[in-house]
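Take a look at the structure set out below.
Labels run A, B and C following the written order; every chain starts at residue 1.
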Amino acid sequence: MQLSFSAKQIAEVLHGEIIGDPTVQVSDFSKIEEGKLGTLTFLSNPKYEHFIYDTQASVVLVNSDFTPSKPVNATLIKVFNAYASLAILLDIVNSSKPQKQGIEEPSFISTSSKTGKNIYVGAFAYIGENAKIGDNVKIYPQAYIGDNVEIGEGTTIYPGVKIYEGCKIGKNCIIHSGAVIGADGFGFAPENGEFKKIPQLGIVLIEDNVEIGANTAIDRAVMNETRIGKGVKLDNLIQIAHNVQIGENTVMASQVGISGSTKVGKNCMLGGQVGLGGHITIGNNTNIGAQSGIISNIDSGVNILGSPAIPVKNFFRSSAVFAKLPDMYRQINQLQKELDQIKANLASEQ
Amino acid sequence: MQLSFSAKQIAEVLHGEIIGDPTVQVSDFSKIEEGKLGTLTFLSNPKYEHFIYDTQASVVLVNSDFTPSKPVNATLIKVFNAYASLAILLDIVNSSKPQKQGIEEPSFISTSSKTGKNIYVGAFAYIGENAKIGDNVKIYPQAYIGDNVEIGEGTTIYPGVKIYEGCKIGKNCIIHSGAVIGADGFGFAPENGEFKKIPQLGIVLIEDNVEIGANTAIDRAVMNETRIGKGVKLDNLIQIAHNVQIGENTVMASQVGISGSTKVGKNCMLGGQVGLGGHITIGNNTNIGAQSGIISNIDSGVNILGSPAIPVKNFFRSSAVFAKLPDMYRQINQLQKELDQIKANLASEQ
Amino acid sequence: MQLSFSAKQIAEVLHGEIIGDPTVQVSDFSKIEEGKLGTLTFLSNPKYEHFIYDTQASVVLVNSDFTPSKPVNATLIKVFNAYASLAILLDIVNSSKPQKQGIEEPSFISTSSKTGKNIYVGAFAYIGENAKIGDNVKIYPQAYIGDNVEIGEGTTIYPGVKIYEGCKIGKNCIIHSGAVIGADGFGFAPENGEFKKIPQLGIVLIEDNVEIGANTAIDRAVMNETRIGKGVKLDNLIQIAHNVQIGENTVMASQVGISGSTKVGKNCMLGGQVGLGGHITIGNNTNIGAQSGIISNIDSGVNILGSPAIPVKNFFRSSAVFAKLPDMYRQINQLQKELDQIKANLASEQ
């Protein structure tokens, strides 16, 4: 936090009610089970209530309906939603951090590029020919902005991001270190036992308010564009192949892989390590569990899991039986024997 | 495309037959379902035929055996293979793009390195001691070429690629941003509850015409070499462990992981997120489906899927039954009860 | 190796016994099946014994209990443990390699940073404000050390590593190219159908003697820290989410993904492509097989596999039956029919 606030100041910001000493000061955050003096923590999940009676934290945000069943040492601040209020405080602290500004040297900014106002360009960053960089963009050290790339205002490009020629990034995006935007799609035509490269002439188009995690790779289209919709959030180490389209406000956990030309709808949630086959369509509002494998179109609104994926409830039921398969196998063979015996007995009786 | 061609010019290049207006001009490519005026598209898969009657594209490449069943607005160009002809056009447009040349400053080129003719070295690129860079090599900004590395002629190293000391890259290879060639293999010996590092003194050897995707990692050998055969194509985010050998013209989709000392044959195809255990051998011409897990040797020519992998047909049949396991489980127990009842009845009759 | 040693010199270092010519010289290592004149190899696994009778290698390290059953051309050196002795030789050769030293230009070292003695800073490396770099640290070209980062003595940061603001790295760590330490955790709060970013104000804390593979990503905590314990070894392309804690001397193979706030115990081994869900606890000394998926707490000392994971033996038994599921399905239905027939027959007899 590196700042110090009194419980009273915090309660005012959050429109909360103080139970306890309003003058106590906090200068950092902590988890309730590891709370230290001088820190602020929160209690949202009733499962963790028991920690509040022992925590050393000085201030605890609690939901307005919370009433302690035992004495509490910390000063409580009652708010409508403790977790949302914590997020507000994190935002305040975050926005108080010093912001990078100006052009560090040496950096490489092509004379044909157009750069907006109030930008940051870190040392060893590279801005190619005819690139257009909007106002308030931050390009951290060692980032690469290829020729003809466009970056919308307010976007942050962290150290070492690579954006290939011609790609377009929207406004207020965040791209984390090691992400590669616009490398060639994986397109080859078999020819006499070898593979001939098919040029990848399209681009990657990233709309506004997208966040892209560390070391994620989004390939350029063979023609036209690979498109990442407005508000999409991609975690680390994700693979998005050429010509994929991701609908607005879809979120994906790390290590997801999406094959070429697949369309993912809006407001979907993909768990970690999910794999989607190529040329398929995933409907809006779908929920695909971690490690699932999908090879055909998926309707909107479903909740699936497994490889190949089936409805979540069915997956867990089938998995429970999977563990019993050896017993089932033995039982079936035993049943067969018993049945054969009965048939033999009945036959001999006749 | 940034160039403009008439249907007549294109037909001449492709030795195609024009149906419609030969003077119509195109300056970009489009997908048939999103075709715009002034663009060229293609129809290869009969499944998409209906789009051709509505497309706004000005020119459509079609297979020579295609006959429209309704009127078409676009100019058609009949060719032997529409997709292959498209690839030819993509190649032409691609080769017309301006090529990077010369040495951008600041860059770091060791005086003991040897660099060929007509190379490109981008700003902030690093070429270590005694490195040998062949003719017509392109080393984009922020790439790292370690000491004693050799790079064959015509190879392209995209921004931010890292090649550790002593590795050898063949001719006409393409290595995409974020790929790491020659980091230490994962070798540790347990010692008193801790793990002691085993030095990794080998190299990575990449033969000619190999393409390596963004953020793929290929580890150096403990001794001798990790070898990537001629013509191999690796997609993004792949892991190749130390001492692995990949045969010629094998292709792997993204996020595959191959454990140490495993040998993969020639002309194999590995789907996305496949995992291969260590010290195993995969025969030539094998096809391993996405997300498969392989822990033992695999014969040449097989087509397998699953974790552990089994023949593809069997996998899909077993998976279909997997979804029915809870029903099967109930049915078996019901059968058992019925059988016990019959046995009891028969026993009481005697 | 680039050095030359006689069998006699090597035997002295290893306290081994020479069988054969002590004057033979070796200057490189080889695998026993590919041994060349002038190289040293080893025989540890009895499975490979047959290679020793044909190998062209000049010197072979063998275990002290090995007695050849046929004539051997190579000079043998008998040692207590051939593989451990090989590791000693690899160490000797490795430590004889020239070490990088000094500050290459251009590099960017903030005047407010503190740097120790005898460090290496490669060209295009960036060291941010108030960063603290210990003695004997090596920072290779194009690495990024953010503001307020601390790096303990003897640590090596390979080319292109990115360490975000405020993270702390212990002593004698090795971080390979492309690793990203301290990118934002994946934290978003749903708000009117969109996702609002929750600032990630914590850090990553890496203890001593940790090795981190190429392109691995370790996210900073939302508050407090993501912690990697002493002696942990992480392979390439691993994802460690925010607020995860990894216990001492745990090792993970490549492409593992660990979700937020999960705690992994000490001395665990995770196979490649394993996925752990969020907010769970994995006990000490657990062994989790490749591609497993874990969504609940795991006791110490277990050995599990599968997604969802079950004990290893059970997994293999169930997997064997999985391949037979179509047959089982048919058999059950056949049993049902036969049983129904018997019941019908018995009913008609009465």
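The rule we apply is simple: a residue touches a chain if its C-beta (ideal position, glycine included) is under 8 Å from a C-beta of that chain, and two chains touch if they have at least 3 such contacts.
From a predicted model like this one, the values you see are computed outputs, not experimental measurements.
With chains as nodes and touching pairs as edges, the resulting graph is complete, every pair of chains being joined.
Although chain B and chain C share one sequence, what matters here is the overlap of their interface residues, and that overlap falls short of half of the numbers used.
A separation of 25 Å divides the Cα centre of chain B from that of chain C. Shown for chain C are the residues in touch with two or more other chains, namely 106, 124, 142, 160, 178, 215, 237, 255, 273, 291, 322, 324-325, 328, 332, 335, 339, 342. Put simply, chain C touches chain A in their complex at residues 106, 108, 124, 126, 142, 144, 146, 160, 162, 164, 178, 180, 183-184, 186, 188-189, 193-199, 201, 215, 217, 219, 222-224, 237, 239, 241, 255, 257, 259, 273, 275, 277, 291, 293, 295, 307-308, 310, 314, 317-318, 320-322, 324-325, 328, 331-332, 335, 338-339, 342, 345. Against chain A, the residues of chain B that register as touching in their complex are 1, 28-31, 34, 83-84, 87, 90-91, 93-94, 104, 106, 122-124, 140-142, 158-160, 174, 176-178, 209, 211, 213-215, 231, 233, 235-237, 249, 251, 253-255, 267, 272-273, 290-291, 316, 319, 322-326, 328-329, 332, 335-336, 339, 342-343, 346.
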